[in-house]
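What follows is chain A paired twice: with chain B in the first complex and chain C in the second.
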Partner chain A sequence: MNFFVDLLIEPFREYIFMRHALAACVALAIGCAPVGMLLVLRRMSLMGDALSHAVLPGAALGFLVSGLSLYAMTVGGIVVGLTVALLAGAVARVTALREDASFAALYLISLALGVLIISMRGTSIDLVHVLFGTILAVDDPALILVASITTVTVFTMAIIYRPLIVECFDPGFLRSVGGKGATMHFLFLVLVVLNLVAGFTALGTLMAVGMLMLPAASANFWARQFWSASLVAAIIAVIAGYSGLLLSFHLNVPSGPAIILVAGLCYAFSVFFGRYGSIYRRHKAGGHLTG
Partner chain B sequence: MLLFARILIAFWAVLVITDTARATSPINIVASFSILGDIMSNVGGDRVRVTTLVGPDSDAHAYEPTPAAAKAVRGANLVVVNGLGFEGWIDRLITASGYKGLVVVASTGVKPREMKDDHDHGKAGAHDNHEATDPHAWQNLENGRLYVSTIAAALVSIDPEGASYYTERAAAYTKRLTDLEGWAKAEFSAIPKEKRRMITSHDAFGYLGDTFDIEILSPMGLGTGKEPTAGGVKKLIQQIKKEKITAVFVENISNPRMIQQIAKESGVKVGGELYSDALSAPTGPAASYTEMFKYNVTKIVTTMKKGL
Partner chain C sequence: MTTITLTDLTLGYERHPAVHHLSGSFQPGSMTAVVGPNGSGKSTLLKGIVGILRPLGGHITRQNLKKHQIAYLPQQLEIDRSFPITVLDTVILGLWRQIGIFGGMKRDLWSRAEQALQAVGLAGFEMRAIGNLSGGQFRRVMFARMLLQDSAVVVLDEPFTSIDSQTTIDLLKVIERWYKEKRTIIAVLHDFSQVHDHFPETLLIARELIAWGPTAEVMTDKHLTLSRTMSEAWDDEAEICAEEGL
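Here is the complex of A and B:
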């Protein structure tokens, strides 16, 4: 019994940095679950990666204005991230270009702009490396930032999820009943950017995007309804965070990759054995049809 | 035939003119990063114009060459690099620029420090102790003096007329470095050997540590890019608490958050910022090689004294 306490609980009891890391994981898990689910539904799964590059000019401008200040760089990142996401959404709505394509175009423009701004200053600090944190170095301000954004996300999602989902499947119907689909979608984009940029600065790109997409992609195999799938995603993310941190603690491996790989294992398991649409289910269903 | 002779004479005249022009205007030399650039200006004096590729407060590990850098390299009479794997981008830059002149490795003759990358000292079964050469040789002033003589020899070989000028300046600068080292030794002598322990965010002070018997611990290992592990951070915190280490520092070019977090959890104050791979801006406290060294030693000794 004592052995298990030492193995599973003691690290968090004894070390503040482990508690902070776990708290950040839990907050991130709850906030990211519904957002990630919607990204999967809307086929925008790769948006997170694109956005991690798109925030560069914001970080660079923040750096130009006030040097290596995390706050200036985070604010710059959020502003630029929002601009890119909203512009991409707008282009997709008023033209024939699809959202993923307009997103790719805008994030590339943004990235190029960022590199240009940094080189104008003539410095070669890896700004992204400085701006993006690690899960082991979550301090009080970072924790408060992540937790506040989670709170805002969950409440906003509770209000707007119905029209959002209707819009995913049948935008015409939503318009016919007078729903404000575009407004909802833009609100959603704001949430995505907030979650991602907060995640980048507090925990780094891999953690932020990984915790957003992997649990959501896995949960899709286990539940059909939006909120129940979100719940599954959040649980998977918490499990991944907790066991990843313990692995990193006991086996001395980097924490971010450890957490994301545990989430990856959950995903692989879901792909094979999930309740809906997994390889196992399809195989069984196929068997029924032919047999 | 007469025409041919005239042309020859004209050519010769042009050659003479350009030659004298070259002797009066400074020769262009390129340094890969700020610390090297400062040493080169000190040795070369008025006879050289130094261009530094990676400037103050910038990270040579993360540098991306620009066309302006390639232009500077192509127009140079001499290129000096640190070597020991510090500038991973330099070979490609030189090839791309079309520079055909002399490339001098300043760290020639330095005894390279093999760097064992282990967070868990003495513990069997350390997971990552791959070895790599530590490039930060300038943190030992004895190596700094080798840099000076290598650079002076290179300058003499491309500009023989200035030989006595360079040799004189190199000797004067070497003396300053020797004096500085004597001063640093005296400073450290106030601290008992078992108290000479410090923590920095990336292992850039190994050569300094070897000179003055300082044990240096770092959560990141070599380079600025590696990710810390929870187990490594735990061991560091335990060690700070157990051995009552007071000297905890961040560096001018890397993310300070990990070190700040560790310091907070183990109840020590971060001793300030050290300069490892780059000088500060001209207005800063470490604008030259000697100032940087003096600044670092003063910081380290002051914080270590608090733990006595």
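Here is the complex of A and C:
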């Protein structure tokens, strides 16, 4: 019994940085779950990835200006991420280029810019930490930032839930009844960027999108409705955060990849054994029903 | 009651007209079939009427009718059929103007939704996911949603293509009901017998107006032959249309 307490609970009781990290993971999980679910439903999974790369030059710029300051890098990330999202949306609406293509173009440009900025400063251990995750160094300001972003996300989602779902399901109809589809789409992109920024303070820009996508992609195999799938996604994300932190603590590996890998395991399990559309379900033998 | 008037209307894409110099009006409570060969500009005309497409020339007046008061069934729906949503929720979207972003469903709205589903023969399908419906059943769902929209003007772009005869008969009944309720109906159709049997007015176009009026006077051999001679080609070297408008 004591062995399990030592293994599963003690690290969090003993070390404040572990408690901080766990709190950040839970907050991230709650914010990222519904946003990730919508990314999946809107077939924008890869755009989330593109946006996460777009956040990088912003963070790098912040770092260049004021060193390892959370606020500078956060503001930089939000500003650049939103600019890319807005420009991509604008290019798609004004020209004939589709949104995914304009996203790809803009994120490549900003990624190149980010790498250029980093190389100007030379390699830096601090910067590597920022880019690849420092969840074990989540301090009070970072925790407050993540929690605030989660709060904003959950409330915004609650307010624009209905038009967002309709815009996702039948944009033409929403337009025809005078719904503000474009506004909803924009607000949603803001939420995506905010959650990516929340993620990168904890997991690094490369891993941030993992907390958005992996739980959501897994949840699709377990629930059929948006709200229930979001709940499942949040639970998976919390499990991944908790187990990943423990792995990181006991095996002395970086926390970001550990968390995302646990989420990856959940995804693999769901692909094989999920309730809906999994490999197991599709190939299970059995007679068909009468009606 | 609103008259929709077209004045020397030209609609098209990238300066190439799909249909040009169209004038005339849809009277309130009229029921008009829009007929013409493929590529004659029927869908483009409907997009102009509902206000999705801005005219290249001329104009459309809808009097005090707002764009969102027109129920429109496009030929190509933008709907994601794999979206996890039930038949009932899809139909209830027709009440968007009443419930909006925050409004709840009152008891009378629930019963209206129930009646709409019954009218299209989908009672008992409420909780089915739309991904599990056949093409015909899904068309019924779209009609139920338009029933709830309760619009003064209903615009339908090929509502019966790839739909079996029973579904067509049921949905034609819904259209007849709208006509009795004095709504204005504009529908693109390809089946001439449907046009003859159900639609008092016909608008025949072939990238320009061929004839517009009572169905029997429009659907003559002379007009139909004329409509088949139209040119479908886009001429990139085309000059600016010299046919003078008003």
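Throughout what follows, the second predicted complex is superposed on the first by the 240 of 291 C-alpha atoms of A that agree within 3 Å, B and C clash if a C-alpha of one lies under 4 Å from a C-alpha of the other, contacts with A are read in each partner's own complex, and residues count from 1 in each chain.
The definition used in the following text is that a residue touches a chain if its C-beta (ideal position, glycine included) is under 8 Å from a C-beta of that chain, and two chains touch if they have at least 3 such contacts.
Bear in mind the structure is a predicted one, so any value in this text is a computation, not a measurement.
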| item | value |
| --- | --- |
| Chain B versus chain C as contact partner of A:N252, first or second or both or neither | first |
| Contacts of A:G76 with chain B and chain C, given as first, second, both or neither | neither |
| Contacts of A:D139 with chain B and chain C, given as first, second, both or neither | first |
| Per-residue contact with chain A, leading partner among chain C and chain B | B |
| Touched partner set for A:G114, first chain B, second chain C, both or neither | neither |
| Chain B versus chain C as contact partner of A:F173, first or second or both or neither | second |
| Chain B versus chain C as contact partner of A:G199, first or second or both or neither | neither |
| First, second, both or neither for A:G210, with chain B first and chain C second | neither |
| Overlap of chain C and chain B interfaces on chain A (superposed complexes) | none |
| Interfacial residue positions of chain A with respect to chain B in the complex | 11, 15-18, 20-21, 70, 119, 122-126, 129-130, 133-134, 136-139, 245, 248-257 |
| Residues of chain C defined as touching chain A within the complex | 50, 52, 66-68, 70-72, 74, 77-80, 83-85, 90, 93, 96-97, 101-102, 129, 145, 149 |
| List of chain A residues in touch with chain C within their complex | 41, 159-160, 162-163, 165-166, 168-179, 224-226, 229 |
| For the chain B and chain A complex, residues of the former touching the latter | 54-55, 57-64, 66, 119-120, 127-128, 224-234, 237, 253-255, 257-258, 260-262, 264-265 |
